[in-house]
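To start, the structure under review is shown below, and the notes come after it.
As written, the chain order gives the labels A, B, C and D, with residue 1 at the start of each chain.
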Amino acid sequence: MRVTVWNENRHEQKNPLVAEIYPQGIHTTIASFLQEAGMQVGTATLDEPEHGLTDEVLVATDVLVWWGHIAHEEVSDEIVKKVQQRVLDGMGLIVLHSGHFSKIFKELMGTSCDLKWREAGEKERLWVLDPSHPIADGIGEYIELEQEEMYGEHFDIPVPDELVFMSWFQGGEVFRSGCTYKRGNGKIFYFRPGHETYPTYHNKEIQRVITNGVKWAAPTERNRPVYGNAKPLEKL
Amino acid sequence: MRVTVWNENRHEQKNPLVAEIYPQGIHTTIASFLQEAGMQVGTATLDEPEHGLTDEVLVATDVLVWWGHIAHEEVSDEIVKKVQQRVLDGMGLIVLHSGHFSKIFKELMGTSCDLKWREAGEKERLWVLDPSHPIADGIGEYIELEQEEMYGEHFDIPVPDELVFMSWFQGGEVFRSGCTYKRGNGKIFYFRPGHETYPTYHNKEIQRVITNGVKWAAPTERNRPVYGNAKPLEKL
Amino acid sequence: MRVTVWNENRHEQKNPLVAEIYPQGIHTTIASFLQEAGMQVGTATLDEPEHGLTDEVLVATDVLVWWGHIAHEEVSDEIVKKVQQRVLDGMGLIVLHSGHFSKIFKELMGTSCDLKWREAGEKERLWVLDPSHPIADGIGEYIELEQEEMYGEHFDIPVPDELVFMSWFQGGEVFRSGCTYKRGNGKIFYFRPGHETYPTYHNKEIQRVITNGVKWAAPTERNRPVYGNAKPLEKL
Amino acid sequence: MRVTVWNENRHEQKNPLVAEIYPQGIHTTIASFLQEAGMQVGTATLDEPEHGLTDEVLVATDVLVWWGHIAHEEVSDEIVKKVQQRVLDGMGLIVLHSGHFSKIFKELMGTSCDLKWREAGEKERLWVLDPSHPIADGIGEYIELEQEEMYGEHFDIPVPDELVFMSWFQGGEVFRSGCTYKRGNGKIFYFRPGHETYPTYHNKEIQRVITNGVKWAAPTERNRPVYGNAKPLEKL
């Protein structure tokens, strides 16, 4: 399992609070716990050439993890098209938190991916709706986060293929926090938590869910189907 | 119920066989049977200014029917964006046959929308998989078409929200022929049959399915949800 | 549209608080607002012969509404089998609140249908997740109920075909409050609110949802498919 | 991974043709290829005490494979209830071919599970609809079986959570041949092929699908959720 963790890596440079929580960037924290789970993990960030997502990197990536927030528009359309093609070809994609508004997620969903939000450091409780799902493996009935940004419904996404987590927020909202999709030969998992000013990716349960998600999104051993003009398989 | 039937209207100008089957264009044939079903129907075609889809037309359309084939690339990106926004705002969309490769469908799906195909005038039998679905109202166990173009799996679409019809083809293939999706406040129905060189849209059962589909895709009476920054509904 | 509203009608006889809120029984309240919506509505209760669900009543019912709580076990297995058969034959079924534990719902679901619960008169907020669904027609972003019984996840049901509402509860739980299913030719809508000690069925928005649900669950005009031994449609 | 393969084992005793294809019973053939895939496999048959499904066997089974046909009614209701409970508690269940009419499958589905059928030794072609699904791992675009019993739509099941295979039959029918469901903590995979008079379970691709299915249905490491009366998690 070869994983690439992509991070915008801007808040960490600008905001001392974020730099304190993630001194080497959110990507490094995520890469670390995936490595501990036995995966082969690389990282890539926005300001590297080609955002660190060269053809060589992409073709050698089984699952790509994506964190972005304030610089979605700086991601080049060409790279987005390449990532989309790799997903259709079978690469898994884990979209985290504010990645809901990333070009790649919106491109794959076809909707606005908009939502309600509020930064008030309130409590979030993620309930497991799908107890037999491998992404919920090892997780109790819910995960509690003392402080998180609120994301609230309506979340303007296609109906998820599977709905693994549903969040309760102290301020009165709910949110589809763990959603799976299939696109072409690829699997996609959207997972809500992870605002940059809270230590969410240091939480062991959150790490477990992301690790489970990466395993779940691993490519199936299959070629892309053959498309285009086809000879009959039976006599006409 | 205000319906707009959009047609590329190119084959009808170039191919005498198509002109014979649809002397006034595929759009006129479709508009006629929808009108007979009591709907208020207009038409729009590629070569009209703004492809006939001005802001005035779009805002006054409850459900848009789409037929295109050889000129998908001539549809302007700006119009496609407007149609997509109208769907998210609640307008229904019926995508017919080769419209699987239209810009608007691909944009809303996020996948290649590719498939296998063959023009051999073979038999197609559309089986009803979802007997309680309103789109199957009044239809028997299957619809048989003596001659159609073959579309075969794998069809590279997101998993449909609902799968109403599955086609059997004489040459050995199957195809998800009737698929529903929701995007934003809008409903989408993809319906496979309708190659331009066969009289498919004169078939009464096919007409019934399209009419049912338009009714099903009618907008729900709701405003778009409110997105963006939100105050708490409960004390924090 | 011919509707039958079935009610256990026991709390109303025993608990003065319930009798005060629903002097003629929950069934009469529900029947009234459905009648005002133009439907032809009858009622049936547990203590009538055959629980009021004779063959004549069942065959003349397009949609059956079900409310039960403390006497699920008193419903005869024979009647349950007849109701199940009618659903498979196309009758719509609306299961309300504590009906989650009714024999008919468990029989149609195949699971325990268990959940968490608490009677504490707390606030419930039902968020619309599926804005284009006809059951959400005319409803705002959410419905707020000042006092309700809490039902919490995990709700042990099959994955709903459609998830229309998700509840937030003051005490920290979430719940899939509006779920649709198809079984045979029939449509099923489970709707959570309606504890007998709160005036929930007098709430105009709740009435609107139930009315929408009944319309949505109306039978499609179709015979049951033909099952059993079948001659080939093509030469072998 | 501990697997139990259950077989009615009646055709093998009565029909020399079946005995020739499966000299030690269908269960032994299936157990063999699962063992070769590295699983720990036991078998159980109808005529053993408790049908071979004692509490000890069930509790030590991660995934149960089920083949039955002419003796569904001889399976005791008590054992069926125990198997259902084990599925809700997390055991995987693979239902093969004529098992569509088994008590356990009907109980878990809530529908008639009826279908069209024909024994004419015709060709079946199973198309992969869900290319990223682990159950399709290592399988090409379709599996071709020269001779099989026909099963045709409408198949009276709940809408599958996932639809992995769709069959084309020479005689003109289609069928949802690979369907997944979740019930409680358990996963279910229905796989169509396997009429007793054809050597279907000797086919390497069919073996691969069943092996994939067993792996997919493995229990997630989780306790059953807590149900019943619940104290609030937040102050009321």
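Quick note on the criterion: contacts are C-beta pairs under 8 Å (C-beta built on N, C-alpha and C of every residue); 3 or more make two chains touch, one makes a residue touch a chain.
Predicted model only: the values in this text are computed from it and were never measured.
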Checklist outcome for this item: For subunit B and subunit D, the touch-path distance in steps comes out at 1
Item to check | For subunit B placed onto subunit C, the superposition rotation in degrees, Cα atoms, nearest 5 | outcome: 180
Checklist outcome for this item: Between A-C and A-B, more C-beta pairs in contact link A-B
Item to check | subunit A-subunit B separation of Cα centroids, rounded to whole Å | outcome: 32
Checklist entry - Cα centroid separation between subunit A and subunit C, in whole Å? => result 37
Next on the checklist: Quick check on subunit A: which residues sit in contact with 2+ other chains?
Outcome noted: 125, 128, 130-131, 141, 152-154, 159, 161-162, 170, 172-173, 182, 184, 225-226, 233-234
Checklist entry - Can you name the residues of subunit A that touch subunit D in the complex? => result 90, 125, 128, 130-134, 136-139, 141, 161-162, 170, 182, 184-187, 219-222, 224-226, 233-234
Item to check | subunit A residues touching subunit B - in the complex, by the definition given at the top | outcome: 84, 88, 107-112, 114-118, 120, 122, 150, 152-154, 156, 158-159, 161, 170-173, 181-184, 225-234, 236
Item to check | Residue numbers on subunit D that touch subunit B, as the complex places them | outcome: 125, 127-131, 141, 152-154, 159, 162-163, 166-169, 172-174, 176
